[in-house]
């Protein structure tokens, strides 16, 4: 027998399940979930949990192998549902043989888009990218390079509402699971954002909450900070204030003009955005209030 | 009820237990351990596990609350022992009301010693430090500052064996759980090291396996590397080759002379060593072959 | 001749001079300064310069060897002064045989104090520390450990003005060059701060401008950021808004309670503060407007 | 007048010159070079220098503006040449209106290639990339995407010498200034490497000198290191032992299988390689012995 056979990577996607759980904290939660999975023949590969004492909340992510499941998926779902009901849990059950459908929104900057497409193509991001939406024509050639349909929705003060409706129709028809704002320079309406709760990831080019709003690199240069950063967060109705998924920074100095900050910032933006997207599609992120629990 | 009451920090040390487990991987391990703890009234606060597919090994750390334990500790120990026997597990059970006893070995550099003592004094390191051993008198005043007995064992080519015997007698009499070589510039004999398996932590001043052996900063300067580092590892009979617990690096440049590397290196050495010691005394480290599993 | 003889470290402090220059940018500045130093027998060891195009300003730091100076220091000073006048330069000339006198202000946290004292004692910080000021008695024993006079100035709403006057008298009598607020938890009056322009360094426990004001770790926890940081800056009349000298961050996660942020933050605070203090006393920092030029 | 007009970025490439100097250290070097540039109307924008005390060597990089040069480039070159001869300097004079010609060598991994091409296309790397060489056909489509000629040279044990000759003929005909081995999995002969002294940059996927030779990620996994890294260096006849230009690392843990190290490593490899290439083409790297001086 090949010693690699029993590594996680060697487990076929159709045998891998992930359960995300959150609920008010109480005794016996871990044992109850371990029991129901074990009892149905699912083998726990890894489990992470977190207790937020202040909020009195419990969070868990269980990754399991269903190769020797004693029942079908529907029965497992029902059994987990019963435990969930008993304990008042919110649960999300998913299987690795389903690839989430991701739509990318862009404007004129190409660095985040390139990196997302390259990583998806190389297999690093396990998702499908059925479409790209933009309010500019600029990046259409890149979409073409990667063979992805590009949808142009020019937005003006007057047509924003209709354009967003058209976008939503497009997204819903394509069964989109996640929208990634890859430096999309157009503010989405609260209605649009609410339509996709915790399903829109934005990249902001500062280490929030510093430099909220427009032109953060100019603000950073003005203030003379020694670090610049980027923040990936779920979009909410309050601009730049949604739950933070990931942040990172890079050193800067007096030598850096605004243009240098923009250049250095591109590397952080794309790195931070890609990590957030990967964690989301690998079912590693839970939201509670305005904060995230990320089971890396 | 105060919402902070149920945070981990609010749990009294005498109510906190930690179970470290390793064994050949097989189905049902997670469920079996969750069940035995739950069944005896222990509440799982957090659990981390790791499967090493290549080695076919399973590792787990469970942190639990015994405030409402339905039995005494001896009974719990026995119940866990039965599960362990059934599954062929190696287990280690400990409680936070026992503070590990740590001996620090030093020579003439004070930076690691200072940091360990300051952090122990400030409560960051939950351990007792009943004694300091040195082959030089240099750091006796620092031991005095912190009120810790200082034992001087000058080592020569001829007396090494007797001195080590005397050191072992001292350590064993004091019930030492962990020996920290905080830039101790004297090679310990294989016999000494074997007497404390995975209980001697050394700090090496390079990012191993680069620059094994003496004068690593000189070697680094000679080679012209752009990073210097430090490595905390368990001491074994093979010098600088024991299981690595933690490593870190810092940037350097052509401007740094050997003396600058030494200065910069001090900060990494003490940071890396302190992290390794903290993880060890918080029962976060498991060794398998020549590698460590660290449940941070 | 020993090849190490001509390294900077081998140059005696009394032979090392540093010239800091800032002025409106124009042609010929670099050549004029190189010429006047060379012409008087000073040998340039290193020189850094910076042009801020937006501000139209020129900044330079020249480190030079005066072992073979053809004149005395007064004559060199006068010659540099003539160049400075011709080009409208602000200049600061200093020699390494003068050790700046640093006063440390503390309250109840000891981590920054310990690190400053240890590094000064070990020779890493080339300065004298003639006195420690505090509004609490808590850290008097540490001052005693290191043999440094400790001055207790309890501050209330009613006596603040007199206490600050007494502090200023003390500082001025001791010829203090730099005041380091090492987690001093008492806001200094604008009058006090203005008395020491760009000579008071404060450490703020967030990556400014995020989390200005009180309890930044609580604010950070509330916002759910994935990084925490610290900022060393010159104190000005506007709280937390002075010129930033240095910043750094560390990763955090949902697992970190406020207490964990405080603990992790201590390491960043002391590291950032020490770097800022070192750069200041090594004459590496120039201020322009609300920003710094740091010639590392 | 626009205040941005005098920033470096606003200076036209044809007005920007760079002078790289190295020689035995002696007095008056800085002043002599400043004088000859100033005397001919070149305005020094920035200058970095380094003295290596052990080697007794002096290194300098001067970036200057020739918009108001009082002579032509040939005369300036001659004047600098005279100073160089007087002081025994090796000098390299270049102007920003010449774009270095870079050839990229690849095999089957695309991550470094993509990043280099994207950054060159976006203007971040100021160079031309007239051709790509490969010993596999795999990446031809990417070359096509970016419109760059792709030359396939399959190498076997028997044809290596002829193939290298053909490659050299191609490179020399195209006037290639720099060869970038972007994960080129074929060892170049010493003859090939010697033909391009300090003009071949290789990326090695470990923090050298750790894990020299083949399969460094496997070696790293085997040793259980907590950091993986990458090293960009000039290729020399001794494999993996040439002068290091840049290195970086990323944390890893027991959770990372070899495949994870490979994935994480890709990000470091491309980042490190791109920095080294940028510094080389911006004339920021000097080699002395087996070490580099990098004026960032």
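To keep things simple, chains are lettered A, B, C and D as they appear, and every chain counts its residues starting from 1.
The rule is simple: a contact is a pair of C-beta atoms (placed from the backbone, for glycine too) under 8 Å apart; a residue touches a chain by one contact, two chains touch by 3 or more.
Please read these numbers as outputs of a predicted model, since none were measured by experiment.
Matched by residue number, over half of the contacts between the chains of C-D recur in the interface of A-B, chosen from B-D, A-B or B-C. Looking at A-D alongside A-C, one finds more C-beta pairs in contact between the chains of A-C.
Between chain A and chain D, the centres computed from C-alpha atoms are 37 Å apart. Here the spacing of chain A and chain C, counted between their Cα centres, is 42 Å. The residues of chain B that reach two or more other chains are 7, 9, 50, 53-54, 257, listed in rising order.
Across the interface of their complex, chain C is touched by residues 3-10, 25, 27-28, 30-31, 34-35, 37-38, 43-51, 53-56, 68 of chain D. Listed in rising order, the residues of chain A touching chain D in the complex are 7-9, 110-111, 114, 118, 122, 124, 145, 257, 259, 263, 267, 271.
Contacts from chain C toward chain A in the complex involve residues 50, 52-54, 59, 207-211, 223-227, 229, 243-249, 253-255, 257, 290-294, 296.
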